[in-house]
Amino acid sequence: MKIHNMFQDTKITESSYSLLWYSAIVMLLLSVIVPYFYAVTVAIRPAEYLFGKSYVIWIPPEFTLEHLKDGFDLVKASLINSTLIGTGVAVLSLIITIPASYIFGRKEFPGKSIAFFAVIFALMFPYILLIVPISEMWIQYGLFNTLPGLWISYQVFVTPFAIWILKDFFADLPANLEEAAQVYGLTEFMAFVRVILPLSLPAIVAVGFLSFLTGWNDFLFSNMLTTGTGPRPATVVIYNKVVGTERPFWNLIISASLLVGLPPLVLYMVARHYLAEAFSTA
Amino acid sequence: MDNPEFTNRNKLRHRAGRIKSTIQEHWFAYLFLAPLLTYLIALLWVPFFQGIWMSFHNWPFFGPKTWVGFKNYNYIFSWAPFYASLKATFAYLSITVIQLALALIASLSLANLKLSSKLDSIVNGIFLIPYTMPPVVTGALWLLLLNPLYGPIFKPLLNLGILNEPFFWANNGTTAMAGIVAVGGWTFWPFMFLVIHAARESIPAEYYESAEMYGANKLQTFRHITFPQIKSAILVAVSIRVVWNLAKVSQPLQMTEGGPGYSTSMLAVLLYRFAFDRGQLGLAYIVGIVLFLISLLAVLIFLRANEE
Amino acid sequence: MSDQSDPFRTSGTPNRISRRTWLKVAGAGGLTALAGCSSSDDQESEQGGSEQQGTAQSTSASGDGDLSNTTATYWNTINVQSESAKSASKNIVDTVQSNTGASIKTNFSTVSDLIGAKWKTSFRSGNYPVIFDSVVGWAGPFMQNGYVLPFSEYKDKLDQDALENIQWLTDKLEYTYRGYRKDLYEIPYGLNVQTGMVGRMDHFEEAGLSPEDDFPPDDFEHLVEVAQTLQKDGPAKHGFSSFGQSSDSFDEHILAWSVADGGKKGVYLNEDWTKGRLTNDSWMTAGRNYIETYTEHDLGPTDTPSISTEKYLTRLANGRASMSSSGFLNLPLLKKRAPDLVKNGTIKWAPNWKGESGSRGCTAPYTLALTRKPETANKDTWEKRQQVGVELMNQFLSKEVQRKMFTQFGLFPVRKDVWSDLPIGERPDNYLSSFKTMAEEGGPAWSAHPVSLELIINIAPPHIQSALKGQISPEQAMRNIQKDTNARL
């Protein structure tokens, strides 16, 4: 009798718990979907359906592509800049972090803990502090308003995180890979290149994507270190339109924003399973 | 042989020799470490100290830089808006709480519902969306949503008569902070979700099965199985987020420009305003130093907590 | 973006370089007047003829090849005013490009970039355009550091006809640059004025006031009287207001009232920029009046210490306020909120009262400036670029563009000979006629010293806000402002 009751009770609690979880998920999903849905409708509706009526319109009776077109015109040049910035940041970060994470993860050497502590310190460092001296330095070295200047400055907050992820990944690879490779006559360096690197592709891709996204999404450094005649990225253009104009034209701004936000969104989704693999070993 | 000088020189030579041989032995590691160390020194330490140097100067854009000693420090610490900024900084940290709450709810919901992997993947993906876009994009989005005159949240309130006149939330310090806190929480919680959920997913299913066998209810399961396993993930996520939240500038700046007055100028935003709007780099760096110390404190707290 | 009925028919003026200007440009060194070789008559305007679009054909074939390999850069900030200002800027650039054959790279920048770090950092590293637009005096830091070319050095290359017709303004404007040398450093192309009055005539009538006699008020005392009557007997809650928000609190009425009262003595800085004037009678009175509007006379809502002009004007449009000071550039806001009231003249504009000095508030021109050659640039190349810059200025000052200055940029044209083409006096809300009155009778307000911007953004607002909150007296606020200003001079 008791067991039977317990079983029944469990069922009821079970389903009410399930209801709880379901509603939590639905609420969370709605909190994400609803704003974006509205944004998309704003981007494709004529302006009068945003400002003109006295009530809020969720689905406009008419659609137009003019705002998307105008939005694209607004950001098209800067999107190229964003791409270039992101790519350069990613490439440079991989060059810096792959070797370092490898040895952190798999090699012992004197000074390792100090070096690693320095990396953790950099991870926790409020990099915003550095825009002041870096912009000064960049002017002196002629890196102000240049792509390389941006690539280098972004490493400040991209690399510690990348090392953190890659180090654990490298550490989790089977212990004797290098030895096995060296048996076959490969040097330490070649073992790294021929054996370890191919195996680490998922993590490397994940880190590359993350670095690219940091370069794409950032506003702070790129605003401080570029002017309109240099490699101004899309985020600065959006910011200027929102904050810099007297009367923001929201249809245009939202269209442009969605266009700027779409590539990183797509990239994240594509890179997701690489990311999951990398994070699960962290 | 007993001459101390001779011994000392020998010792030095010996030590130098040891260093040399160490480097030779581990040349590979040091080679691989070199790019990172170069970057750390050139891009972190050098600018860090350069900035401290700048903080002791009057550093205008045009014209000579003059040494002013502690004058900048005096100015900042006796400047009323600085304390408003400190207040704002701690107020803004409340987004960490929102982020954590949402992340936990999301992770636990997903874990408990055991959806099909396709559905699970889709839900995961949707959760991620706010985090993937540039903060200025999500900020622009919310500025429209929260627009007091024709945004979809306030306009119906006006129409229904709940509000008598447009509620310019950005005009009042408290509500402006509430606004950017809400949007900041909404934008960045997926990061915590990723970390926490990964930890949650890595808990072996057997633990839960045995818990069920032993008749543990949901709360007990959570306390004794789930929580201990994800505790360190939570700590890691929270501490990283605290440091990153402290450094958030673009989104709050875009939404309220640090105003009204300085009520939403967290230290990071204040730094930006000093550097960018007023062009006073020495003062900006001092604000940065304060921010750095606070971050350091947060990190130390995390390290202590992690050790327990 | 404005749907003003466009009475500005272009009269078919072909937009080409005036022959005389071009010949000077073509001559080596640029400044040599080839008086003997040129057919000296200016062949600029041909009245009548067919209507032409913005981009005109390039006519004089001969000289254009001279500038065709030149690339000039132009940093534009007026684009933040509106989408139509941005596209109008693009049109102007296109016209000059097709006229001269040169190519112009436009950087659509923002005002905050101009007054903040961006431009300064760029200028400092030698990275700057040959021409940029800004607001009068805000490029002070660049002038102070020798980046801006004084007007006298390119005066002859500008269209003389245009110059004659803006002389009424440039004469006034010279006062702005008095600390550098007696010269102009910027050319005005469009005008804003600070500040006018806006009022709801329906509220006036309901309160028993006379729209003819009581609006605009004749002076501050009259203003208080009218506003209090409106509050008491009218349908709205507020009869007038001050604005405590940082960007509005100082630059809007206080400056206008001070200049109205004291004329040149009412500006921020003294003659040689060694001291501020903020504690003289004009400023003290203006500051006191501004603050006491709220603290003594009970005018303005409870959020006055932080309210902005726009937020208050919204209330006026909604009927909760009856009268306000307002910059003329706020017309679109009123049109959006209360289009019918604007159309039928229920909401009326008026110029600020005429003060003791004979001025009504002050002029705030939008300007263009040329820059000096950077050290690393080639002399001849830069001179050619400057010529392109001059052509851009001429285009902004051309009758065609000036006629559309209001519809496209929202600014009042600076060329007096174009005013008769505007429908001044035809609008029921008196907008253009008020604008014109204030333009003509506005005093010079600015000092192109970098401290001016600091004054209105950083120095003054906190003290004004304290005074509005009742924490300090108006006199104390003005004294504090004076002290802080002097500390920076």
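A, B and C are the chain letters, set down in written order, and residue numbers restart from 1 in every chain.
In this section, a residue touches a chain if its C-beta (ideal position, glycine included) is under 8 Å from a C-beta of that chain, and two chains touch if they have at least 3 such contacts.
Fair warning: this is a prediction, and the values are worked out from it, not measured in the lab.
Q: Applying the document's contact definition, name the chain pair with more C-beta pairs in contact, B-C or A-B.
A: Looking at B-C and A-B side by side, A-B shows more C-beta contacts.
Q: Using only Cα atoms to place each chain's centre, name the chain farthest from chain B.
A: The most distant chain relative to chain B turns out to be C.
Q: Give, as an integer number of Å, the spacing between the C-alpha centres of chain C and chain B.
A: Taking the average C-alpha coordinate of chain B and of chain C, the gap between them is 42 Å.
Q: From the C-alpha centre of chain A to that of chain B, how far is it in Å?
A: Result: the chain centres lie 14 Å from each other.
Q: Which residues of chain A are in contact with two or more other chains?
A: Residue numbers touching two or more other chains: 51, 135, 223-224, 243.
Q: Which chain B residues sit where two or more other chains touch them?
A: 275-276
Q: Residues of chain C touching 2+ other chains?
A: If we look for residues of chain C contacting two or more partner chains, we find 112, 117-118, 121, 124.
Q: Within the complex, which stretch of chain B touches chain A?
A: Its residues touching chain A are 22, 26, 28-33, 35-37, 39-40, 43-44, 46-48, 50-51, 54, 59, 102, 105-106, 108-110, 112-113, 121, 123-145, 147, 150-152, 155-156, 159, 186, 194-195, 198, 201-202, 215, 217-218, 239-240, 243, 246-247, 249-250, 253-254, 257, 268, 271-272, 275-276, 281, 284-285, 288-289, 291-292, 295-296, 298-299.
Q: Can you tell me which positions in chain C touch chain B when the two form their complex?
A: Touch residues, chain C against chain B: 112, 115-118, 120-121, 123-124, 141, 144-145, 245-246, 303, 306-308, 311, 314-315, 318, 320, 454, 457-458, 462, 465.
Q: Along chain A, where are the residues that touch chain C in the complex?
A: Where chain A meets chain C, its residues are 51, 135, 139, 142, 144-145, 223-224, 227-229, 240, 243-247, 249, 252.
Q: What does chain A use to touch chain B in their complex?
A: Of all residues in chain A, those touching chain B are 6, 13, 17-18, 21-22, 24-25, 28-29, 31-33, 35-36, 38-39, 42, 50-51, 54-56, 58, 95-97, 99-100, 102-103, 107, 109-110, 112, 115, 118-119, 122-137, 152-153, 155-156, 159, 163, 188-189, 213, 216-220, 223-224, 234-235, 238-239, 242-243, 248, 250, 253-254, 257-258, 260-261, 264-265, 267-269, 272, 275-276, 279-280, 282.
Q: In their complex, what parts of chain B are in touch with chain C?
A: 61-63, 81, 149, 165-166, 168, 171-172, 259-261, 275-279
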